[in-house]
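Presented below are the structures under discussion, each in the form of structure tokens.
Below are two complexes that have subunit A in common, paired first with subunit B and then with subunit C.
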Partner chain A sequence: MVMRKLTLKVNHELFGGLLLIGIGAYAYYHGQQYAFGSLARMGPGFLPQVLSMMLCTMGGILAITSQLKPSSAIDLQLGQVLVVAASMVLFAMLLRPAGLFTAAFVSVVVSSWADRQITWPGRIVLALVVAGLASLIFIVGLGMNMPLWWG
Partner chain B sequence: MDVIANLGIGLQAALTPTMLWYCFVGVLLGTFIGVLPGIGPLAAISLLLPITYYIGPQEAIVMLAGVYYGAQYGGSTAAILLRLPGTASSAVACIDGNPMARNGRAGVALFITTIASFAGAITGLIILIFFSPYIAKLGLKFGSAEYFALMLLGLVAACTFSDSPLKGGAMVVLGLLLSMIGTDVNTGVIRYTFGFFELSSGLSLVALAMGIFGVADIIRNINTIDTSGLSQRFTLRSMLPSREDWRLSLPSMARGSAIGSFFGTLPGTGASISSFMAYATEKKIAKDPQRFGKGAIEGVAAPEAANNASAQTAFVPTLTLGIPGDITMALILGALIIHGITPGPQLITSQPELFWGLIVSFIIGNILLVLFNIPMIGIWISLLKIPYRLLYPTILIFISVGVFSVSNSTFDIYTVVGIGVLGYLLNMLRFDPAPLLLGFILGPLMEEHFRRAMLLSRGNLETFIDRPISLSILVVTAIAVCFIIASSVRRRLRALNTAKESHVS
Partner chain C sequence: MINAEAFQAALSLLGNTPAAWLVVPPGLIIGLFFGSIPGLSISIAMAVFLPATLYMDFLPAILFLTAIFTGGGFGGAIPAIMLNIPGTSSSVATAFDGYPMARRGEHAQALGIGLVASVLGTLIGYLLLLFTVQSISQWVLRLGPTEMLVVAIWGVTLIAVLNDASISKGIAAGILGILISTIGYSDAGQMRGTFGSMYLLDGIPVIPALIGFFAASELFNLVGKRYIVDDSSLRVVRFRNILGGMGQAASKPFQLLRGGSMGAVIGAIPGVGASIANLAAYATAKQRSKDPESFGKGNPSGLIAAESANSSSEGGSMITLLALGLPGGAGTAVLLGAFAMHNVTGGPRFIRENPDIVYALIIGNMAQAVLLLVIGVAFIFLAGYIVKLSLKLMIPIVMVLSVVGSYAITGNMVGPITVVATGIMGWLMRRYGFPVAATVVGLLVGGMAEGELVRSMQISGGNLGFIADRPITLVLLALLLISVLPRLIGSLLKGRRATS
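Now for the complex of A and B:
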């Protein structure tokens, strides 16, 4: 399977700085609903707002000083991000209704997709082994409170 | 003789079969996970953190400490043999350890690593035994202003971890902001939960740690870790260093232990800084600095001794003041708080069995580590041959189950996914996410102390300068900030100059 790879030819410092400004601005905007208070009697919104402003300032400095440096490409392995995230989300969705064994099996089948070398038989064997091992360790061994199987 | 009496208390507490068992399990699991390619000590601790909820607090911390130094040791094995550093501190072990392995001296490198780790750890423990009571006594005089100042110093020191102090600082602030999620202790107002009631008790520490050090690293490592280059066979004989090796490495171990012990006790600076400093020192005082980077044995011995010494002395601020010495300590501190133990100056006097028992079990753990590693090195090395494509799906399942088990909620698994993607993005943008975790753990403590200090002084910021201990800590912090700014400006100017010169030519 061909993995989708996103290569961004951007200045990573500029991008990082803008990301920080974005997070900081959102946190500031969202934090305004909490009372600010005064230094002597700080409200719940005091530190969040101060910290958001600090984050924006730092992001700003980073973005501005980044112009002194040449830009470089960053490789975002978008396919790997999606596959790993999907496998864990599937695990979380399946755990309650379908049990640990099923959830682990499906999750491993999906997550192994990210590797370039694995074959279909290898993938099934790996998923069976991991699902069995996880069931043995967590349910039989540690006695954790979760269903093993469908139903 | 206070020390002997104290150690007596510790021996009684530590030499019970349960404690010995958890110490053993911790060291074994730590080495096992640490040696697996692509997993460092932080991932190892965060993976095992949920399991410790099922056991008592003292057993839990003994086990986690065992995991910590076991994983650190295992990590340097992977670093030396495969050039795969799990953490910044074992990145230093690669520089000369990996060339030694390629010259056919892998056995010697691993043997010296073991001995240096042990020497460093014991030095650190001696410091811990003699100094903690004094620091704790000093800590009794601390008010909220002092605690806040000290944590500020720790966070500023943590910024020096990163290549760019500005980016490190930004990560600290982001960590502090993330710690604001949940119910505000003082007013009961629920902040930043975005409508999820699961977030009202705050973002889960385990989820954050596993997202950043587990999932984010896995996404990055898939298809890049190659373990096929490993084909050496090990015999005990090939591990024994020559007389010349001993002559070169023993003084390095002593210097490394001293450097590590010093940096470990400072809040915020831990294993990574110590091993970099130890390596730089060795290179500076060596007669022939050219040998470094090509397999100089001092380059392995000194940093290994330093990072293990600092791993032990980092417990001084963690246990006596409740301020973590580095990120790993921050995780252990988080675990202690979850178990209902708040480390602080009272810990030594109010729970002497806990404190001294821990110290004795650290000694036992380090002895176990040597016993495991020299005869069993062959087994650990065969673990290194496991291909990553089999490993990472398994780790993902362990992360999911581990994080689920903390509060039996699948919500935390979604949190891990979100944090993991964010961590990967930050990693790609060359942010070091480690200070983020430190900020996250110190956040609630800092907020509480800052607000209390302000409440007591009626909003007068001068309280931080009026109190002598707080003032001196703040002066040290200010010096550190100036130093950071000066050195980064100098570096930037130099980079600019060289860029100009290359333009001209």
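Now for the complex of A and C:
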């Protein structure tokens, strides 16, 4: 029992704390290229450097307290999130060259990969409905200056 | 208490701005929609529709967004009553008595009660705002840079500390937000943290970041999730029963008033909003009742307290937003984003210089509440179908809205990329229990706080002892400590118990 308590288990609280320390340290390092100034005449580097130090402190507290309580692993569904994130970027990239309808259609089809239960006909219908609704709202409704189709 | 001249001006301003009235019904419907679909929240709706206000004037823009706010307040009650699934986090206590009523077959009455409580609650909140805004702003005008700095720190701290997350997580989230706000040109005109990219010269674009933190992060959270909505929810709704419920609520003015005023006061405190108001008012109503046993078994009084409080908290949170320029939660954070988009800085100066606009906002919101009564009844008839609308359809719609909106704001890929980046960051934060709202508020008030910090240190010549000569600062600092201490002690005690 004693042995087990001594081993450092990497739990997500510890990871979060270390990540905060990392971000804080990097921001501090980066902030050093700006003048710190004095209390009376604060330079642009003052606030970023003070905040980074505070962030490191909070990260340290989190990392230490993480060792005091048991924690459960969190199931991150990163794959699904990346699919949706990628389809959003794809949508934005297609918006100008391909038009709103096309871009919405393609990105909804891509994003539906995150849904394992959807069928191909369902996918196409969903994409058509969303693309149609988006075109109606933005181009017909709000009169946005945006191409609808390719070309 | 009320500036009569400005009140008159506000009425004529509203009369001469038909656009302000045109945008209210769609806003209410959008709010009802997003509120009533479990999994989507009011802040998602407000964030993704924020870019739609780009071409509106300031007054219609704010009225449109507050209409979403108001509509969403009642929308959340619909699935809470019909399915025992709160549509938003602010209708948790609504389900306690609303669902038992629905199980008795009194769902139409319950919805009628909820609607009247929401409408009157909103009215109470804005009435309080109407009577206090003038005097509060006069008081706030006396605050100098040091006081404003403490107020800003207080606001961020409260939002960071008053939630389920641990205190260190909350504070870290707030600091992260302020740190992000330092990117771009500083007050002194020097570039910071741009990593040589010209796209970051103006800093992180605030509106896309808001959409990312509030909407996209929730979107990522919802992917692959499914809310089970059973078919028995599609029950018949009779108009007569809705009216009966409305009458039932109206016959308990004291209950409405107590819930409403509690909600308004709670709403004015940064960090606690509609969700806390909803639960606290319910608990009070139960405590004060002669028959506390009947609560949770379908007592209309519980429903009245819960729904009037979460609606009136909107008006309360507007006090803090207008007087101090400080958002107390996600909804008002989006409103502050809209202020920034229209080059309006909230705060006492805004109230003094534009009292007509402020009063027009208040009157407009009260009219909105009355309008909700009509639109809400119509919505109740459709609610059975709308609650069943699959998230499968809503997720891609929210996705399209947030990309097109952010693209329209920046005019290039910077907007959508910011949405995706902050969305992933917000999603990770949510999964690991960091309060995203603290980061957003830090990002929004960071620039103001830094300016006040630099100014107060210039005045004092860098001497920290200078605050000893500023009594208001000391009082505010004491208030800050007092408001945070209980939570701090509580978490320390809990930590000790966990280790022993």
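By definition in this document, the second predicted complex is superposed on the first by the 140 of 151 C-alpha atoms of A that agree within 3 Å, B and C clash if a C-alpha of one lies under 4 Å from a C-alpha of the other, contacts with A are read in each partner's own complex, and residues count from 1 in each chain.
By our rule, contacts are C-beta pairs under 8 Å (C-beta built on N, C-alpha and C of every residue); 3 or more make two chains touch, one makes a residue touch a chain.
This structure is a prediction, so every number in the text was calculated from the model and none was measured.
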Partner chain in contact with A:Ser111 - subunit B first, subunit C second, else both or neither: both
Touched partner set for A:Leu18, first subunit B, second subunit C, both or neither: neither
Touching partner for A:Leu128 - first (subunit B), second (subunit C), both, neither: neither
Subunit B versus subunit C as contact partner of A:Leu39, first or second or both or neither: both
Subunit B and subunit C footprints on subunit A, overlapping residues: 12-13, 16, 20, 23, 27, 30-31, 34, 38-45, 47-48, 51-52, 54-55, 58-59, 61-62, 65, 68-69, 74, 76-77, 80-81, 84-85, 87-89, 91-93, 95, 100, 104, 107-108, 111-112, 114-116, 118, 126-127, 130, 133-134, 138, 142, 144, 146
Residues on subunit C engaged by subunit A in the complex (per definition of touch): 52, 166, 168-169, 171-172, 175-176, 178-179, 182, 186-188, 190, 192-193, 216, 219-220, 223-224, 392-393, 395-397, 399-404, 406-408, 413, 415-417, 419-420, 423-424, 427, 431-432, 434, 450, 453-454, 457-458, 460-464, 495, 498-499
Residues of subunit A that touch subunit B when the two form their complex: 3, 12-13, 15-16, 19-20, 23, 27, 30-31, 34-35, 38-45, 47-48, 51-52, 54-55, 58-59, 61-62, 65, 68-69, 74-77, 80-81, 84-85, 87-89, 91-93, 95-96, 100, 104, 107-108, 111-112, 114-118, 126-127, 130, 133-134, 138, 142, 144-146
Parts of subunit B lying in touch with subunit A, wherever the complex brings them together: 51, 54, 166-167, 169-170, 173-174, 176-177, 180, 184, 186-187, 189, 191-192, 215, 218-220, 222-223, 388-390, 392-394, 396-401, 404-405, 408, 410, 413-414, 416-417, 420-421, 424-426, 428-431, 447, 450-451, 454-455, 458-461, 492, 495-496
Subunit C contact footprint on subunit A (complex, rising order): 12-13, 16, 20, 23, 27, 30-31, 34, 38-45, 47-48, 51-52, 54-55, 58-59, 61-62, 65, 68-69, 74, 76-77, 80-81, 83-85, 87-89, 91-93, 95, 100, 104, 107-108, 111-112, 114-116, 118, 126-127, 129-130, 133-134, 138, 142, 144, 146
